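Listed below are the structures to be examined.
One chain, chain A, appears in both complexes that follow, with chain B as partner in the first and chain C in the second.
After this line comes the complex of A and B, so read on.
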């Protein structure tokens, strides 16, 4: 679909909307209908295994991750980093079995679930919970697995991590997200809409995972060389940082991309103006990262799976707004982020006043002219994500050699760690904790 | 009413101390009635050097606080140093805290309680760094722009006794530290908790509790401690460690202990918490690193920060505790004894001098009552 418009000074601007079928670069960061990518159910069979992960500087190193057994085929996936996002329902009992297929040198493995009241069983009680023994060290007839059962009493965002030698095993990759969906629509709510908690003010349109972590490759090399005894965490020095198990720019690729077989989750949130996006924010590692959100403030409505409420039933009336939030190890937060172009002061669609409004368009800006004369194309250098037009959904002439990475004319807002050295992968820029939220024209299909 | 309690764990000492303590206690109350003096909690505290044995058997030199046994500093060796120092309690009706400090170290010291105003402060103390041969108290010496502050409050010189008074002492949980050369002295072990309730059994307005515990997170860098004890730290001739920029801790402790020492396996001592009992946990970070206390199987309700009661409490299973921060939280016992809840650092400092498995893992336990 192509429309031509005359802007205020008579220059023709092409505004068209590109249908994204088959577009290579930009893909949705969410599952079907804006849902989080993961495994839904109430019984899960996890397997701890050793595998390899790939970093954006072209390096690779040994990792330990949770794979999951498929209910239908019976096959177990490769280990993945982070572990599978488990999606369960409030008040429905959950059972998770853990089989330890790590090499014997790794020792026992276990899972702890902060925020849940867990009953665990296995052959071995470790310092934090019952542990699964490596199958390599047991005869076939002996079952060394561990079983964890709990009934989540509150919806929300939770984290699970290894509870055995946790400094080593979490570093190696044994961490994942647990999402508890509400059992029913909150009172006053719309059954067709999505809610994070049992209150209407936790409504959202799209959600995605934002699990932040880091790694020190020297530790992984020592594990690979069978020198676990030489690992010394007092000299810990991470040089790789991850969102949902990948570094930038690998986070921009699709979910389940073939060349990242053990890192299935991306971090590529996209939305239409006016939508509410739920960011399930998790501190998966051991360091604190101040994540900084361009484009608009976010609102923190819950921490550790509990709404920020002055009293029960009040909803998130104690929610706080900010541009930066620290990822605290072992802690989760639920953030609501939205965008309408409200304070931009000009019509983001390049409309004239008698054009119809777009869905969720901020009406007071409608028809307001673009406030400056843009320099000529050859007088400026365009950033990689500039579409050629300042308008949402727009496109324009790009200089020769420009990659044209913004196929649908969206607005890219960088969400990144403000500890700027973390924007590298092993000293290579760009890398690490960079991500983008893309606000797309309402006609651009997202999923 | 005067209410002075001492929370030292050594029960055999307790009865002897109570008798002497009561003597002093009654005396103070009498003074209050006669002299019209405000009610005060008064402590006689030594600061001295000692060797602390780490969980792997290594001895590390420390400088710590210890209570004088008979409150008169007359008997040599009449104190035992601990890191962290003993928790000092200010009674709900005490308006003032007085600490008599005897300096058994070879360099000046001072005291500083974060969040409380030192009423008789005649500092800060300035010196002509790095010679340290001349000092001034109060404002910067006129026209002298090279003098540096060495102490936040008035100093107590080696061998001397100093008095520190905090009047209008606010209720809450607070961290007392050395106020002298803090980058050097605090990490050597000069810190202790100071607590005060708003009334008997209530930490803050509408925050009652049945039992309480104090948890101090801290780390030790033995190389820096050794250099400080040997006099080879800082801007001195032959220094092996130039500054605390090189801080790289090897030991990670809670209340002076690392996993799996016996005390840390029940960090709240021998305590019975019945169903619905409210346990007040006073968290302090006396270290230099941020820690994240986390519990498993339950939630904590956070009620105050740095001695300031929140307007609304917050439920969490973990929280950020940065250096010098205090947090007061209530843990409600969901069942009768026996039970055990892990309390650990979610930043995963689980090693002892680089060796697994140790560091900041403890258990809060509720034991069956002994009716014998």
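After this line comes the complex of A and C, so read on.
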């Protein structure tokens, strides 16, 4: 009797989760598909604008961000944080125009592309590059925009950001990711597979963006109050931290949710055991954040868009393994992460020895019993992402009031800053730099 | 009795059967699971199985300038029978937590009992153990409170780890991590390699299975770097709102002590008369020996950078519990004068004292502001390295 009732509750949870997820997908219209969401192409019309971003402590800030003009409709999106992820192809010339619709108080704006050989033009040459003049300050007949052209010669992960008053403008949100895909499959590679670089050892199954940044709310308040002159960066003290422009738990929500209109990108990696995940890791702000990966070691195969090679064609033979990597301001890194359950010492599927193996299962663990007796339910507190079972894809009885948020029995691994105060949003725990990788049972579909 | 429903009936049967293979000694909800322990002393008769009993709760520490600070941390339940753990070990948290050392291939049954926090009866926090850096971890033993069960006050949870990969790790509580780690729930943990005991290049102890002796050492010391924000600890002690946004460590420490307590060979006794800070970080070696430093940083606010005055470079041979070798075995070790360690990072550093004149040297943070105990100067992250002459009878 009891068992049947629990089954029914379990099924109900399944159904509701499916309905809820379906609704979210309908609203957002996009799934992750194991690829990074962004704008692919070779010509991009960016527009710098003022807008508002929302933090997980229930606050909101004035921000300056890049919007993008749709080539078909001609409409320009709202500013977004971070800027649109620009996905381009090696050896294909890229043109980016920048129109400055920021308030006049923001001044000129520009974009620098570290790692690219850029030709820039506009009416005004600033200290770092050519700048776009606020349209607010120009007659309609005068074009104040700037144009940047370059031909990316090396695939990899890069950052772009404001090159004008960058201490203020990057803080305000003018930063984004640039991804250069290889032009061809590397020699010896499989055309059906994905590669980050021109070498077979950069193969991956799914990719995710980790653009890490921070904000000091006082600066945004001063901008809002037209007191830019009072901003003092020597007392910079951030209290809000972002992955792809969102704080935890907003980081987990779908891409393009309606309630975060200027923060379209989530960070919700999922995979099946044995797959290779490429993490495109970007230090998007001004501080160093030691990001720690639960679950397994990663391998750092590239830094700043260059494979860690001892010589050309050697592949990432200088790659290094660890569980924590510092996000260095302005630096990018490409990490390969996988998880197999190897040498755990018990069967993660709870098989008996004569059950068949799951895909990519670590065979020596097969059929090994679970090693301990778990405490009875009232002796422990179940976390929101505990399925009720220690097994991958498992399920178990959940206490009353438990949300059942892990209906597929996935294995959740926190990927987070180990400067743990950054796991808050302006005094509110939890928030900030927390994300979760979910390793799903091989039978659970991942779009 | 287990009430949970598990999908696979055969596994349930196996679990129930397995649970009777060793003595489960229980008192209320404190249960210590130790397979192969037939007489209930908490020690397995199987040499490959290591059983440890720790507690999680609160206590007090004394900073090097004399300030008493309230902490949460782990205590040592070794040899304490289950029915005495809560009675004997409340307010007995240690800083750092008891050190855990394993040999590669051993299995660890680590029972953590949540003994409650008597200074804060208003709190009902659970606690957990996160083995930081454990490769191919399973959420059930990862100590993250979100995807696992964590022990309520008065209850225990046994974590299982197959120590397959040698290296320098550490452990900490992951429940409300910004708070619990700032409060002190951190400890040293390492796994020695299977290569230990073989003789390579004159060494019999190694940081990793290097096969060439490059990580060989004579003496090893853990350097667990962290810091306390005294305002946060006092706010916790006095039941005030916790200042997360303002958190900023001003008591930097090695193994839970600021200099000169780092070189004090005695236990540091807290205001209740309990020796909560047991680890002296004085590094001693004989001239010509190689010293292995197992360095980690678990500060919730700071990165720390350090150097030595030995005059020889530090050779970094491991990072994140992995030998510094490329995927095809290329040597990627580094000779450095200073090493920056971010929160959550661990490094293995070899100091070769060949050619170093006997004497006393310093290991100190080059982030010079961290050479302090609160407002007291010449403290914080600093310790001494004493190189004894080869034939010194001492």
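Heads up, the rule we're going with is that the second predicted complex is superposed on the first by the 415 of 447 C-alpha atoms of A that agree within 3 Å, B and C clash if a C-alpha of one lies under 4 Å from a C-alpha of the other, contacts with A are read in each partner's own complex, and residues count from 1 in each chain.
Just so it is clear, a contact is a pair of C-beta atoms (placed from the backbone, for glycine too) under 8 Å apart; a residue touches a chain by one contact, two chains touch by 3 or more.
Only a predicted model underlies this, so the values are computations on that prediction, with no experimental measurement involved.
Upon superposition of the two complexes on chain A, no clash is found between chain B and chain C, which fit side by side.
Using the contact criterion defined above for the overlaid structures, shared-chain residue A:127 touches chain B, although it does not reach chain C.
Applying the stated contact rule after C-alpha superposition, one finds that A:170 touches chain B and leaves chain C untouched.
Which of chain B and chain C touches more residues of chain A is settled by the count: it is C. Once the two complexes are overlaid on the shared chain, A:326 sits against chain B and chain C alike. Of the two partner chains, chain B and chain C are each touched by A:310. Looking at the shared chain after the overlay, A:139 reaches neither chain B nor chain C. By the document's definition of touching, of the two partners only chain B reaches A:233; chain C does not.
Residue contacts after overlaying the shared chain place A:318 against chain B and chain C alike.
In the superposed model, A:288 makes contact with both chain B and chain C. Chain B and chain C never share a C-alpha pair closer than 5 Å once the two structures are laid over each other. Residues 288, 310, 318, 326 of chain A are contacted both by chain B in one complex and by chain C in the other. Residues 248-250, 259-260, 290, 292, 294-299, 312, 314-320, 342, 344, 346-351, 353-354, 356-357, 361 of chain B are the ones that touch chain A when the two sit in their complex. Taken in their complex, chain A has these residues touching chain B: 112-118, 127-129, 165-168, 170-171, 232-235, 286-288, 303-304, 306, 308-311, 318, 326, 328-331.
Taken together, the chain A residues at the contact with chain C in this complex read 3, 6, 201, 239, 288, 290, 292, 294-297, 299, 310, 316-324, 326, 339-346, 348, 350-352, 369-391, 394-397, 406, 411-414, 417-421, 423-424, 426-430, 436. Per the touch definition, chain C reaches chain A in the complex via residues 1-8, 10-11, 14-15, 18-19, 24, 29, 31, 33, 35, 107, 109, 126, 130, 132-133, 135-140, 142, 144-152, 155-162, 164-165, 174, 176-179, 181-182, 243-245, 247, 298-303, 319-322, 324, 326-328, 330, 332, 342-346.
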